[in-house]
Each structure stands twice: as structure tokens, then as C-alpha cells.
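A single structure is presented below for examination.
For clarity, chains are labelled A, B, C, D, E and F in written order, and residue numbers in each chain start from 1.
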Amino acid sequence: MTRILVLNPNSSVDVTQSMNAALDLVRTPGGPEVVCATLQEGPPGIETQEHVESVVLPIARYFEANPADAYVIGCFSDPGLALARENLKRPVLGIAESAFHMATGLGRRFGIVAIKQGSIARHMRAVRSLGYMDRLAGDRPLDIGVTQMQGSGVVERIVEVGTELRDRDGADVLILGCASMGGYRSEIEDRLGLPVIDPTQAAVMRAMSTISLGYRQVA
Amino acid sequence: MTRILVLNPNSSVDVTQSMNAALDLVRTPGGPEVVCATLQEGPPGIETQEHVESVVLPIARYFEANPADAYVIGCFSDPGLALARENLKRPVLGIAESAFHMATGLGRRFGIVAIKQGSIARHMRAVRSLGYMDRLAGDRPLDIGVTQMQGSGVVERIVEVGTELRDRDGADVLILGCASMGGYRSEIEDRLGLPVIDPTQAAVMRAMSTISLGYRQVA
Amino acid sequence: MTRILVLNPNSSVDVTQSMNAALDLVRTPGGPEVVCATLQEGPPGIETQEHVESVVLPIARYFEANPADAYVIGCFSDPGLALARENLKRPVLGIAESAFHMATGLGRRFGIVAIKQGSIARHMRAVRSLGYMDRLAGDRPLDIGVTQMQGSGVVERIVEVGTELRDRDGADVLILGCASMGGYRSEIEDRLGLPVIDPTQAAVMRAMSTISLGYRQVA
Amino acid sequence: MTRILVLNPNSSVDVTQSMNAALDLVRTPGGPEVVCATLQEGPPGIETQEHVESVVLPIARYFEANPADAYVIGCFSDPGLALARENLKRPVLGIAESAFHMATGLGRRFGIVAIKQGSIARHMRAVRSLGYMDRLAGDRPLDIGVTQMQGSGVVERIVEVGTELRDRDGADVLILGCASMGGYRSEIEDRLGLPVIDPTQAAVMRAMSTISLGYRQVA
Amino acid sequence: MTRILVLNPNSSVDVTQSMNAALDLVRTPGGPEVVCATLQEGPPGIETQEHVESVVLPIARYFEANPADAYVIGCFSDPGLALARENLKRPVLGIAESAFHMATGLGRRFGIVAIKQGSIARHMRAVRSLGYMDRLAGDRPLDIGVTQMQGSGVVERIVEVGTELRDRDGADVLILGCASMGGYRSEIEDRLGLPVIDPTQAAVMRAMSTISLGYRQVA
Amino acid sequence: MTRILVLNPNSSVDVTQSMNAALDLVRTPGGPEVVCATLQEGPPGIETQEHVESVVLPIARYFEANPADAYVIGCFSDPGLALARENLKRPVLGIAESAFHMATGLGRRFGIVAIKQGSIARHMRAVRSLGYMDRLAGDRPLDIGVTQMQGSGVVERIVEVGTELRDRDGADVLILGCASMGGYRSEIEDRLGLPVIDPTQAAVMRAMSTISLGYRQVA
């Protein structure tokens, strides 16, 4: 049976559970098995460049020890994507890269709901490296910690930031810039009237499409 | 049951059959029904701007009369895409647009295997309008008629043109620039060692993903 | 005698008359004859994609039946431009394309005064396809119907929208995004202090230049 | 009567005469008077940056002393264009700028037939400054002196260089990169099958259009 | 001993003195001699295109008569840069070009503190010609004369304009758009918290680097 | 005394020695001390993504334990640049980034002499992320191992590859894409007639300039 492995590289099990719940949307009877795992040695949340770099090698080791038909790195900094792609023979998807790709197919200019101000420079490096700068409307922070993302008031704050991205920055598609916001997606879509991309859903769907169509991986 | 309607806007039933056969790859038990239809009033092949324009209104009328969960326009000129999108409340996918989108996710620069020299200016308008010019490696014609696409020698000619796109133009992904070449895809992939995109497969898969993820349509 | 045929593809004769009056500026004794005609089978105004598509073939048929030295399609959606260019052996000018071209020669960044919000996505496809996105300052709607363009209060509204394009968006040239606003041009120029392009005037002048210089048509 | 003043900033009277003859194409009975003059204090040909700079102030002084409705600087380095525009209240056209503008309206990518290798860096600064780099197919030198441009063998050499611009570089429009090649235009067009732009003709026509349409000058 | 000659092309000796004082920062014992000179025939300030053009040939003549290992043109309009580069065999640096280059290495998007509104069009031509438009955050004028730059209240006004460049335009690096503001640099840096580039310092440092590394000049 | 620390993140001492020798060019009496060190726990050469990632954390730890006024990461993959910049309060320079920055100031389009084919995808990610794609002429591999870079025949191969970058790709500046080629620089410059950038020299000079001018670091 086809199996897609989604690894949450932070050690917060509730983030993995949130991710896992949001993926029910793309699971189908007879379709690929979608398994979520937690990298126990990761930090509680990936909030600094030190956090990002500290999980790069562990992610590659985890994937090598746990074979699947496709791999998804469940963190919006796409840590270790280049390494996992070079080492493994199967498709490896980053959730940020997948969200940017999905967004450019859905609308003209996307807005990113970031967790913290400090992650925006990292996002910009990724957006530039993929050549999508002219499709970026804006990137605005919630200023909430990753581990507090399941608390009350979070939806209100996302709607507030999303409204600015839509009305000031001209975004016609929103990207939730973290693996832990999927549970809020439909409420945000209803309140903002825009397509909203949960990056983990987008990455898993892209993994499914790549497997189904049998495309060769380009480095 | 979810249903995706793929309309071949030319009247050549063998093109519809070729398209239909190539779509078996994305059909799954329990998955969406994928139906292919032929626009009987279309020309035998869409080779001129007159052909393109002559099917725009008939495509919209056909879709309005044959409701589905998503619609695919099965011609690489994407005739009537803007109209169908404006008129219908469901996702409408063009196969050229879908192929360009898939290609930008798979590699850095895509090459297009065109049927005829005369269609290249049309492709360029589409590529430019989507903002993908810096991802285009090249566009080279087979110089074979649409209705002769099922004949012998076609694969050899595609491989010849694909080799130029890969080696002279630097393409790392190929797009088959017609709805009728899907049957040759795997042989071409094997001989060229690159991912090869059949645009109809790409569009149907994109329709499936959009339905599955429940994204709102952006005009 | 040299003859330039300007076809208003909507059936509103007062729009044709307004267009015709604005063209007196470019008529000279001994210069080319500039004839305006109305496409009787067109809708009263071109406001939706359905309207655009419905006149594409009739425009081509009209031009084929009424030979001239150059043809101008008098609607800011440039309906049927690609078809008429492919079918006819003489220059064919779209008024939107001509306005964009004129604007890039006059200033750095142009603003478009659109009639309705719904036409902006169409404009964007055209601007992108021509490669002029980085010259576009903004596109803002009047939200007035095409058939009401000759009423009172229209100039005030255009000045209001033009002021936003100039002061918020940084436009140093304005384009009137409809064939029916030419009569207001000089008042708007005086009040805003910017060059203002009537697209039909720009297209006819471009037709005259092309004829005079004898340039070959590029597809 | 409306008067357009074209100044050849080099002192070679035969260049002025060649320019003048090529402008008969755009002169019409009742149309603007087009007068060509020679800057006697200029060098025999503008071939170095020193030549360019040496005529900047003299051109401005000449125009100030010889009022006209529009001014054309008849040298492909557009010497003194910014200064004349800032000092005069009437339209001032550079022939290189006008040729680039005309070319972008006629085709997708233009090729420049330069006189000498040494002028290409100057052309590139102008093309970049105008934002037309992605419309430039190539720029190739004849390696002939300006003062030898009326000799035999020149057409053969232009056709040779134009063929490379068309076939190797993908130009679909050619620009003659000097004020003295206008007399060869029609022969080159016939032999290459592309539109060929004489920059002085293009600039004078643009001056006529600007006067006729009454556009305000943007700095 | 290695010698770098910085020429102030306006005749205001206090501007030369201000420049000279700001260069103490880059002078080192045993390092290159950095000499500042005043072009006595220049205007008191370079504020118009006429001023710019009037010093082009005098700058070249001055450099030819006063040999050095590298030359810096101490005016933010970079007058005569192309000419001096073509005529001299040693490195010639423009202070605006050097500031843009330094800024692109320090941050993502730079803001320019211009002296007057009228110089902004000149800056834009330079920024476009160098290909740095997508790195420009904004360009805002102080509206103070060059000769009044040493007066009181100047720092307050620079901080006011710099704050707009930082907060409205998104600049993360500031460029002082004149040779006479270097003395205010550290106070502005402290108050705005951004790197602030004095263009003369940047150009002299670049001259030192080029000499030290022995790079060949590219035209 | 000011101190610049250059860390070779591979464990090959002869590479460090070659780097150290090439830096004599920028050392001056009374100038900053430039110290080269070897990361003993690094692999013998950085040739794969696994190698790159394996030294990211060790480089940060090394710099934290060995304070300096500026830090240079002596490997053309710029491993750990983002991390070191985020963690340290002093300037941190990558040698690839510094070479790209220097090259854009010296010429129009740079060519990269890569060691191996496999590193080109890494270079492209860096060039894209910095926004320099339109300044890149080409990137061609020597296909020689890092540890064999001091052997005979290396100069001939570099000249061969550099000639292709210059003549086929249009490079007017060359970058040596490895920390170990500095010793060959002057011979290559003489034979190719182009400026040739040794990335370590460029990075150290940039560190010196940044210290000397006292610029604040932007993340």
C-alpha cells in the first residue's frame, strides 16, 4: 500500500496531532496511507535559525530509517529539504514550497500569515530562491508562539492579519505559515472569502499527485 | 459521486479516445469519475486562431448543459477558459495552464513540444500572461498535423524535438503541447530521462486536488 | 485614398458617435479617411467575458466584408485582436494594446481608469501578456455602466479616480479604459495635469504611423 | 505652420542629406514641415563617449536658438536628450529611444545593427535605462565607420548582420543603429522579410503623433 | 605611494571640506592617500541637468591633468562617469553607483535621501540603468539647496525623510543622496537604527578595494 | 588590533594554506590581522549537500568560541551563513555571496568556474535567492575533486572552462567557485583578459570595508 510519511520536526505532539487531524481532508478509502510522526529530538517549536539547522540532519536520518513512497517535512521553514532530496530516491516535499506552488496556481498574489516577525526573513529567502517574489503580496506576523497556536483568540488574530494581507497588500490567496493552523482553515476561509492554504494539506496532496502521475524527481 | 468532465473541443473522436486512455492513470476505485466527451461541432483539429475562437462559445454552452464538479478544456490553446471560469461556479481547468503550473513545480525550466510552428505565438501569449516566461526553456514544433498524431514515427519525432529542448535549450521538464500525445508519455520519459507532462493528466489531477482540498475559485 | 476603419463592437450608436467625435483631433485634410462603424449584432456594452467572446467572430467577418488599409477594434477588451491579425493582411490595432504602448512612451507608470471592477482582471491578463506589468501603476474602476458614460457627473468621477491613480498609485500617465470617454480628455488633462490617453485616438494614430512608415506586420 | 527640427549632431553633411532623404516618406502635403540641420561644430561622426559628450551642450544651444514645435536629436546615442527635455517646453525625441519604443510595438524582440563594437555598451545602458532588456534579441556591429556608411558593400554587410540577429538571436524586428542607414531600409526589409526601423523616421513620426494628439510631456 | 583623487565637481569649497572630513574614516596610516579637490569652474551646486552636463568635459580634463591610481567623481549625479571610464586607464568610481552597489550588499531594499525633487528622475535613470529597480524602496527629497546643507535643522529633516523611507517604503538601508551629508551619518544611523551610506565614503572604499585586489576594469 | 577570522570548513589543511597564501594580497602593515583556521571535524572537501549540512552547526560553534571582529566562511556553498549571522553580533561573510556581490560591481554578467557538476544546483539556489539570476552568464564545472585542486593541469582546465564562460556564455567577469583556486588567479586573468574573482579575497576585503566604514549588519 502506498504510504506518505509526514514528519513534524518539532517535538510538540499536539502540533503533530493538529496536523494529523487537518489531513483527514485528503485521506480517502483506498487512497494512500498518510502517517504523521514527531521528531522527538526536535525543539518544542522551530522559531530560530538555530532550531532550523538543528533538525536538518535528524530529519534525513529519520526518513532513511522509515521508508515511504513520499516524504513531507512538516515545518514551514522547509528544514533539510535539499538534503533529503539529494539523499532519497523518492519525492520529498517541503510544506512552504508546496504552499507557494499551490498559491500561484489559485490566485495572482499570495499573502503569508507568519507566526513571528523573526521568521519573515527566512520566508523571503525561500520565496526569492523559488522565483516567486512578484507573486508575493505580503507577509505579516501573528506574534504568537508555535506552542500557543492551539489556544483561544488565535482565530481572531489570524483573521485580523489576513484582513490586512487582503485589503492592504492585495492578496487573493492566503497561506497559513505554520504546520499547526490547519484546524482553523475553514473558519478563516468563510470569514475572509479567500482561498486559504494549509501548507501540510497542500504538500500531502502534491505528494499524492506526484505519486499518482509517476513523475520523475528533478533535483 | 464526484464527476470531472473533460471536453475535447475538436471533433476527432480518436483524439478523445487517446485522451481517455491516458487518464486511466489517474482514475482510482472510489475516486472521482472522469468522463471524456467530444465537441461534435468543433473542427477536426484546433490549428488556427479561427479554430480556437470558433469553439469558445460552444464549450461554455456544453459545460452549462452538462453539469459536473469540475471541468477540463482538453485543448492546449485553452480556448474559452476565461469565459467558462466567469460563467460557471465550479473549477474550470485549462490543460496548457495546468501543464505550465505542474512544470514549474517539478523543475526549473520547461520545454514545450508543439505540434506546429503556427501555434507557438499562441503558447507565448499564454506563458507571458501567466508570468512564466523566465521558466520557459524553449518551444519547438513537431510539424505534424493533430489528426496524424496517432501514426507511426510520431514518437521518434517527439524524442528528436525533446532532445533539442533538453540539450540546446536547457529544459529539465518537458510538456507535450497537445491533448493527443499522452499515450507516448512513458516511452518518451524513458528515452529522455526527464519528467514528461501530459497536459490532460496534469489538468485532471489538478481538478481532483482542487475538489479534494475544497479551495475557492479565484477569477 | 487611404482608409482606416474603426469598429465599435457594441451596438450603442452614441458610443460610436462619441468615438467618432474624439477622432476629429487626428483627421487632417489630405490625411487618411477615418471611418467609424457600429457592430449592430453586438451587445449594448461589452461588460462581461460572454460579451467579449460573442463579438470575436462577428468582428472578423465585418472586417473581411469591409476592406480598409488598417483596422481598429474599438473596445478596451481588444476582442478578436489575435483572430483579425491572423486572418487579415493589413494592420489591425487594438485600442487597449495601443494605449499601453503609447503610455510606455510618454511616462514611467500608467494608471487605468476602468469602467467596472469586473473588467480589471481582463485588463491584467492583457497587461501581463504584453509584458507591461512593471509599468502599471494601478487600475481603478468608475463603477458606471458603459451606456451611462455620456451622463452628467461622469467627469467628476473620472477626476476622482484619476487623482487616486496619480497620488496613491504614482501614475504619471492616465489611460481612459473605454472607447467612450474621449470627449472628456482635455478637461481631465487640465484638472489632473497629466497626459491622458484616449485609447481610440492612440490606436488610430498608431494605424496612421504604421501605414505611413510602411512597416510589415509581425504576428 | 507646424515645424519639426531634426538636428544631425555630427558635422558630416552627407549624413544629414541621407537622413533628410529618408524623411520624405513621412512628409505629407499640408503636414508638418520637417527640417534637417547639421551641427557644424560636431565631430565628423559620433563614435566615442568623448564625441557624445562634446555635442550635449551645443545641441541644447542650437535648439534654444532655433525654435520648433518638436525637436529630434539625430544620433543613435541620443546625446543631450535629458538636457534638451529639461530645458525646452516642447517635445524632444531621441532617435534611439524612439526606435526602441517603435520596435516594442511591432514585434517581441528587436535586434540592433550597430556601426561599431564600441557603441554597444552605450546602447546597453540606454536599453537598460528604458527597461527594455527583455525585449532585446541582440546587438551586433557592422564594424564600418559612420563616414563610410554611404559606400558600396554596406547593404551586403547589413544583411549579413541582420541575418544573424534574425536567425541566431531570434529578432523579429530590426533597428538600424545609426541615423545614416535610412536609404537602405526597403532593400533590407525585402531581403530579410522583417520590419526594419530607421530610427530617424521613427522619431519624426513619434514627434508628429505627439503634436497631433497634444500630449503633455512627462520629464 | 598610492593616491586616490576625489573631485567635487561643484565650486563650493565647504562641500569639498565636508567630504574631506567624512573621508577621515577610511584613511589609515600606510594606506592610500585620499586627496579631495574642487572643480573651480563648476557651478556652486549640481542641481539641474544643465549643471550635470556642464561639468562632464571639465571633469575628464581635470583627471587627465592630475594622474592618480583611482578617481572618484564626488557628485551623486555621477557626471561624466562613462567618459572618464572610457578615457582613463585607471579605475573611475561614481559615488551614486558605488552607494547603490554597497547598499545591495548590506540589505534588501535601499532608500535614497534626495536633496531636491528635481533630481529624482535623474536617480531613477541611474538605478534603472544599473538594473537595481527591484532593490529600490523609495527616493524622497529634503527640498533643501546643496549650498545650505551645512546649516542647522538639516539633520532633523534627514531623520524625518529617512523615517518615511524606513517605515512607509520598507527601506532597510539608507543612502545619503549627496556628497555633502557625510558629517551627519553617525547621528542618523543612531536615530534610525539602519545602516546609512555616505556615497563618497563608499566610493573611496570601493576604489581602495579595487586597487588592493588588482581587478581589471570592465568598460 | 582588528582581527578577521577565515574558517575553512573542510579538514584539508592544504586548502587552508592555499587560501591563506592568496590572502597575502589584502594584508597590509597596520591593517587588520587575517587569520585562517581549519575545521578539523569537517569532511576533506564539501562536495555534497550532506557535507554542507554537516558543518553548519560546527561552524557556528567555532565562531562562538573564537571571537573576532568579522568572520568569513571559507567555502563556496556558504554553509551556515544564515545561522552565524543570526547568532553573532559581528559581520559574517560568505565567500560565494561576496563573490557575486563583487562581480556585479565589476561587470555585467559573471561566469562561475565550478568544481563539480553536482554543486551547480546549489549555486543556482544561492544566485536566485540573492536576486542575481539576470547577472549570471553561466556556471560550468571543472569536474576535478576539491582535494586535487593543487595538482598539475588544473590551470589549463580552468582556462578551458573560463574560455567557454567568456566566449559562449558572454561572461565579462569570472568567479573561481571554490576556496582553493586563489593561487591561480593572476595567471588566469592574464590568459583570459577578464577580471577574475577569488571568493575568499573578495569576502575578506568586504569584511575589511564593512569594519572600516562601521556599517550596521542587516539580518
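By definition in this document, a residue touches a chain if its C-beta (ideal position, glycine included) is under 8 Å from a C-beta of that chain, and two chains touch if they have at least 3 such contacts.
Quick caveat: nothing in here was measured; it's all calculated off a predicted structure.
Listed by label, the chains touching subunit A and subunit E alike are F. The set of chains touching subunit B and also touching subunit F is given as A.
Comparing chain pairs E-F and D-E, the larger number of C-beta contacts belongs to E-F.
Within the list E-F, A-F or D-E, C-D finds its counterpart interface, over half of the contact pairs alike by residue number, in E-F. Mean C-alpha position of subunit D lies 45 Å from that of subunit F.
For this pair, subunit B with subunit C, the centres built from the Cα atoms lie 33 Å apart. Computed from the mean C-alpha positions, the centre of subunit C lies at a distance of 54 Å from the centre of subunit F. Under the contact definition stated at the top, the residues of subunit E that touch 2 or more other chains are 108, 131, 133-134.
Touching chains close into a ring; read starting at subunit D and passing to subunit E, it gives D, E, F, A, B, C.
Those residues of subunit E whose C-beta lies close enough to touch subunit D in the complex are 48-50, 52-54, 56-57, 60, 80, 82-83, 86-87, 121-122, 125, 128-131, 133, 219. Contact residues of subunit B toward subunit A in the complex are 25-26, 28-31, 101, 104-108, 131, 134-135, 172-173, 186, 189, 193-195, 197, 201-202, 205-206, 208-209, 212-218.
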